[in-house]
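Look at the two complexes coming up: subunit A is in both, with subunit B in one and subunit C in the other.
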Partner chain A sequence: MDLAKKNTLAWIAITLILFPILLLLGILMRTVQANGLSAAQEWFYPFMTLHGVGMVGVWYVGAMACAERIIAKYTKPSAAISTFAIVGTTIGVVLLLVCVLIGKFAAGWYFLYPLPFKGNWPVWAATTFLLSITVLGATWLIWSLDLLRAIAQKYSISKALGWHYIGGATEPDVPPAIIISTVSLLACVACLLAGVTVLVLFDAELIAGVRNDALLVKNLTFFFGHVLVNLSLYLGVAVIYDVLPQYCDRPWKANKIVAISWNSVLAIVFMAYFHHLYMDFVQPTTFQYLGQIASYMSSLPAAVVTIFGALALVFHAKMRWTLTSALFYLALMGWAIGGVGAVIDSTIAVNSKFHNTLWVPAHFHTYMLEGLVLMVLGYYYHFVQENAKLPESWGFHKVILSMIVVGGYGFLMMFYISGANSVPRRFATYPAEVAHGASYSGFAAVFATVFFMGLLLYAIETGKRWLNVRG
Partner chain B sequence: MRKMMLIWTVFSQLVSIAAFADVSDGQKLFQQRCISCHTVGKGKGVGPDLQGVTQRREQAWLHRWIREPDKMLAENDPTATALLKEYNQVPMPNMAITPEQADQILAYLANPTAEAAASGDANTAAGTTSEATSPGGSSQAHDQAPTFATRGRTQNIAFFSFLFIALVIVLVFFWVGSTTSNPQTIDMKAAYKLRKVFFISGSFVAMGILAITMSKTPYADALTTPDNVIYATAMQFSFTFSNEPVSSAQELSTVSPISSLEIPRDTLVEFRVTSLDATHGFAIYNQQGVVFAQTQAMPGYTNRLRVRFSEPGVYPVLCLEYCGAAHHMMRTSLVVK
Partner chain C sequence: MFAVKRLVGILLPWLLAIPTTAAIADEIMRTEAKGLYKSLPDIPVQIANGQTQPLSSFWKDKPVLLTLFYRRCSGSCSPFLMNLKSAVEDSGGLGDFYQVVALSFDPRDTLEDLQQSAATFKLDQSPDWHFAVADAASIAKIADTIGFWFKKIPTDQEQFDHPSMIAAIRDGKIVRVLVGTEIPHARMRDLIYEVKGVFVPFLAVPGKDTIFRCFKIDPKTGTLRLDWGILILMAPALLAALIGYFIFRRKPAP
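Right, the complex of A and B next:
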């Protein structure tokens, strides 16, 4: 087996070890919010930080690992850089575990300035956290640049972005996965550079005492975070564009509309992040309006082109329903539903009621848990099954899918109801005004446990094939 | 449906029974208000380990410290100042604890083992649902979630729009998925025409909603003048209202804080909100426990939040931006007369 395939197997193993642990932390947090396990309350915020950074990181690398395999069908990414990405990510994760589990660092996944310097954790914990993010950011930047290099070896930048389709040409044939991956990786480089700038500013304050501008750092932080999460989803969509047609027995080709759509996504995603700063009234008002317009516009190419395209692909198709194709299909549905929740929250008038309530985790958990996670899990199963070719039980797979859907959406609905009822996010326990939040948390923990059980069954199915392929 | 309601009710009851079973008032209060920063016999947290604290400190000092730590810090009480220094400049927040509640907490701290034994289980979780909490003296516990009538118009429109669109998406996905049992060749030209219709109609809907909603932003209108200006200064983990701006922790100890903010109804109030440390949220809840208005409290900047209150009563203010270990405790309130 070649090194690239071994690396994909390593990413599958890393994901299937870290995801259940991070999921358990999430269940623990919801249980604490339901007034259970009060002894764990002092760990709520450190675990919240670990859960947040961990989940964003795991699903970013998961999406990158899948996209890397897809890109490898058309060109040759460096296997050595891929190995480097595994090593760098592992070092970053170890540093993160140290600062959270030993230093009780708890500034949250986007470590909003200047909280890392204002917490009750030791300075070394904040320093180790910043070092961890630096290692992860540098590693992922190099990984992204290598994938772009590999694409550029075969396609010019204009072809890789499908500009010839926009110009009216139909040749050369560029796979949609290449166009979407190029868009996503360019966005990735931009957001990681913003992340690096944030870290440099933090370091300047830490080392030289240079005081930073809170609004500037907040803009950079949310540019980094917003784009990183969105591009992870886009990479997942690129994988679906490439693999779902194999199960539908129909082609899904790039054309002018697909090219226009994904090029406009690249422009829009950079402006939509302004919606994270609506409640910072000192931000120039033009940016606030731009944030709402960009957020609304971003849903059009996604919904009208990609979702519509996927539905047209499946409509009356000679479909081969397997764990992979069903997970992909459900992932697109989750992406669409989460997108609706996000667009609603991106309306300034609504955001003034929903900002930092549980509506926020409601929508991002929807397109992560029932979107990106299913895209990556779908591809992982596809990869090991294609190589292992073990017999499959559709009945058993339907049980797994049912648990993931019922558990997942039940869990998410508790967030949506809580958000609509003004229950704040990121509260270890709820004060009297929003005490009803505890009941929703209890239900959410039960539903999340159902999802967790479904995930374990998925891990058994994928694990059997993983072991077979690994030999 | 009735069965679902029954299951829901039983589950809620189980959660609340687990939360409140056999816990003394003092212990319950401790677990509600203190446990995020303090332990009893398990070492230092954000604040000191309170094992034996009633022997180490005078009862009167402890009683006042529990009730109004912000005032004692402002008065430069030597013990309070030393504690602030020892615990990384993280101040003990004013938790709006009444004298009776302070008595109950001190009774628990004086004999935590006996209290725990009497209550059956020292580690039983306490609920967060029971007592009056506002300095205005009004009881505002909300075990019950807001209803359709009290949730707020914006929240209702957003929530039910979401449910409706999500349901449509689910139905479309299931319908399209079900067509795969009858494989056919489809007319892609017709599909592309349909896509065009969706794109154009979707664009019109998006522009329509943008046009309607973008005029309803919460940003201060430069052409109107507020009737009243209040300065709200956030600092881990408390808010201070004043009639003068505060730009540093030193100034905070010299300005005269408004101990109980009262606002006449139907006047336009401008809150000038800032922070002296981390970024905080400044969210005003109405009496139904629903977010009424909010902005961020950011160091180095002042956000101007304009609010017109039409209903008299006590309005809690919560921090909605995560700001550290006692974030969920950071609160104040104001009274509309």
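Right, the complex of A and C next:
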């Protein structure tokens, strides 16, 4: 087996080790919020930070690993850089574990300035955290640049972005996965550069003692954080465009509409993050309105075109339902549902009520947990099964899928209900005014445990094939 | 090994020093925030010409910059009042938008002391500077509201330990407080905008200048202007476009 494929296997292993651990931290948090496990209370915020950064990181690299494999079908990414990405990510994760588990660093996943300097943790914990993010950011930047380089070896920029489709041509064929990956990777480079800028500003304060403009750092931080999460999802979608057709015996081709929708994403995705700053009265009003427009424009067209395309693909097709195709289908559904929740919250009038309630984790957990996670898990299973070709039991897989759906949406529903009932996010325990938050948390912990069991069964199915492929 | 030691030697003092400087700035900000938006108690004060009037009679006329001092201070009071005078002259608007009330917190200060103080700073002819005294109980109420404190120095019964503060009062409410003997002009301008009723959407953190602000406030007109920070905000996207251009510049192999 070649190195590139071995690397994909390594990513599968890394994901399937880290995800259950981070998930258990999530269940632990909901248990604490339900007034259980009072001994773990003081760990709520360190765990919340680890869970948040960890999950965002794991599913970003998961999506990248899948996209890399898809891109490798058409052109040749560097296997050495792919290995480098694994090493760099591992180092970053170790640093992260150290600063949270030993240093009790707890500034939340987007470490909003100046919190890292102000918390109850030692200075070294904050520096180690920043170092971890630096290592991860630099590694991922190099990885993204290499994938872009690989695409550029085969496609010119106008082909890679499908501009000829927009111009009315139908030839040459460019796989939609290439168009979407190019859009996502260009966005990735920008957001990682924004991340680097944030880190430089933090370091300047730490080392040279200068002071930063909080508004600038907050803008850059969400440029980094929002776009990173957003493009992870888009990379996952690229994978679906490429793999789902194999289960319907029909091609899914790019066309004018697909090209227009993804180019409009690229044009406007950098302004959507303004919706994270609606509550910041210092932010210029123009940015606020741009934020609302960009939030709609960078999500709706691409989602509508994709979901309509997927439905057209599946409709009356000789569909082969397997764990992979079902996960993909469910993932698109989760993306759509979470997307609606997100668009609702990115509407200024609504945001002034929902900001920092559990509605926020509700919608982003929807398109991550029932969207991106399922896209990546679907592809992982596809990859190992394609190589191992072991017999499959659709009945057993339906059990896994049901646990993932029932557990997942039950867990999410508790977030939505709490959010709509004014329960704030990021409260380790709930004060009397929002005491109802505690009972929702209890139900959520139970549902999340069902999801967890489903995940374990999935891991057994994928693990068997993984071992078989590994030989 | 040697290199590591050196690196630690270079970094350690920084790492240790940062929390302390940050702590001082934090302390100042906390004091400045303590009294914000509280209503000032309306105490009777006696001004240098002997007249007694309620403190509210000042803010009913115009917003007030209120400060506390005492005549015999051999420490910060004199330099502070000098700084205040020059900051006021520099920023303009005295008499048009606001007046200054310098209230003595030492019950021993007499009307004569007030007149002398005014004369020392050549402010005795200024209609918008008022030097005043009040009884101890009233002073205590004011000090408590704006977050001011003072205590006798054990070795010298004449002298007090105390901070230097300016409280900006509009319609009887504290709208902004500055702490420190030095009065940076940018912070003074913000204070005066606030006292005029112009909303200043950001606070300069005391002690250091902020690098790369998104906006600055125009000292003449009070309008917000873009600053260098905005350019930094656009840099990642522009740089990414440039990198994209270079990556895709070469013709792909056929």
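Rule of thumb we're sticking to: the second predicted complex is superposed on the first by the 470 of 471 C-alpha atoms of A that agree within 3 Å, B and C clash if a C-alpha of one lies under 4 Å from a C-alpha of the other, contacts with A are read in each partner's own complex, and residues count from 1 in each chain.
Throughout what follows, a residue touches a chain if its C-beta (ideal position, glycine included) is under 8 Å from a C-beta of that chain, and two chains touch if they have at least 3 such contacts.
Model, not experiment: these values are computed from the prediction.
A.B. asks: With both structures lined up on subunit A, is it a clash or a fit for subunit B and subunit C?
C.D. replies: With subunit A aligned, subunit B runs into subunit C, so clash.
A.B. asks: Tell me which partner A:E392 touches in the superposition: subunit B (first), subunit C (second), both or neither.
C.D. replies: neither
A.B. asks: Now for A:H316: first (subunit B), second (subunit C), both, or neither, which partner does it touch?
C.D. replies: In the superposition, A:H316 contacts subunit B only.
A.B. asks: Would you check which partner chain A:S156 touches, where first means subunit B only, second means subunit C only, and both and neither mean what they say?
C.D. replies: Once the two structures are laid over each other on A, A:S156 reaches subunit C alone.
A.B. asks: May I ask you to name which of subunit B and subunit C touches more residues of subunit A?
C.D. replies: B
A.B. asks: Which of the two partners, first being subunit B and second being subunit C, lies in contact with A:C191: first, second, both, or neither?
C.D. replies: Only subunit C is touched by A:C191; subunit B is not.
A.B. asks: Just subunit B (first), just subunit C (second), both, or neither: which does A:D203 touch?
C.D. replies: Neither subunit B nor subunit C is touched by A:D203.
A.B. asks: Contact-wise, after the overlay, does A:I337 reach subunit B, subunit C, both or neither (first, second, both, neither)?
C.D. replies: first
A.B. asks: Look at A:H355 in the shared chain and tell me whether it touches subunit B only, subunit C only, both, or neither; answer first, second, both or neither.
C.D. replies: A:H355 sits against subunit B, while subunit C stays out of touch.
A.B. asks: In the superposed arrangement, which partner chain does A:E42 touch: subunit B (first), subunit C (second), both, or neither?
C.D. replies: So A:E42 only meets subunit B here.
A.B. asks: A:F281 contacts which: subunit B (first), subunit C (second), both, neither?
C.D. replies: Both subunit B and subunit C are touched by A:F281.
A.B. asks: Determine, for the stretches 92-100, 110-118, 254-262 or 326-334 of subunit B, which one clashes with subunit C when the structures are superposed.
C.D. replies: With the two structures superposed, the offending stretch of subunit B is 254-262.
A.B. asks: Overlap of the subunit B and subunit C footprints on subunit A, residue-wise?
C.D. replies: Overlap of subunit B and subunit C footprints on subunit A: residues 118, 213, 215, 281-282.
A.B. asks: Can you check the complex and tell me which residues of subunit A touch subunit B?
C.D. replies: 34-39, 41-42, 44-45, 106, 108, 112-115, 118-120, 213-215, 218, 257, 279-282, 285, 288-289, 292-293, 296-297, 299-300, 303-305, 308, 311-312, 314-319, 321, 329, 332-333, 336-337, 340-341, 344-345, 347-350, 352-357, 359, 416-417, 420-422, 424-436, 438-439, 442-443, 446
A.B. asks: In the complex of these two chains, what residues of subunit B are touching subunit A?
C.D. replies: Residues 11-12, 15-16, 18-19, 31-32, 35-36, 39, 45-46, 87-88, 90, 123-133, 140-146, 151-152, 154-156, 158-159, 161-162, 165-166, 169-170, 172-173, 176-177, 179-180, 182-186, 188, 191, 194-195, 198-199, 202-203, 206, 209-210, 213-214, 216-220, 236, 277-279, 281, 283, 285, 289-291, 293-296, 298-305, 316, 318, 320-325, 327-329, 331 of subunit B touch subunit A in their complex.
A.B. asks: If we count contacts the way the header does, which residues on subunit C are in touch with subunit A in the complex?
C.D. replies: 11, 14-15, 17-19, 21-22, 26, 201-202, 205, 207-215, 224, 229, 232-233, 235-237, 239-241, 243-245, 247-248, 250-253
A.B. asks: In their shared complex, at which residues does subunit A touch subunit C?
C.D. replies: 117-118, 123-124, 127, 145, 148-149, 152-157, 159-160, 186-187, 189-191, 193-194, 197, 201, 204, 206-207, 209-213, 215-216, 219-220, 223, 270, 281-282, 284
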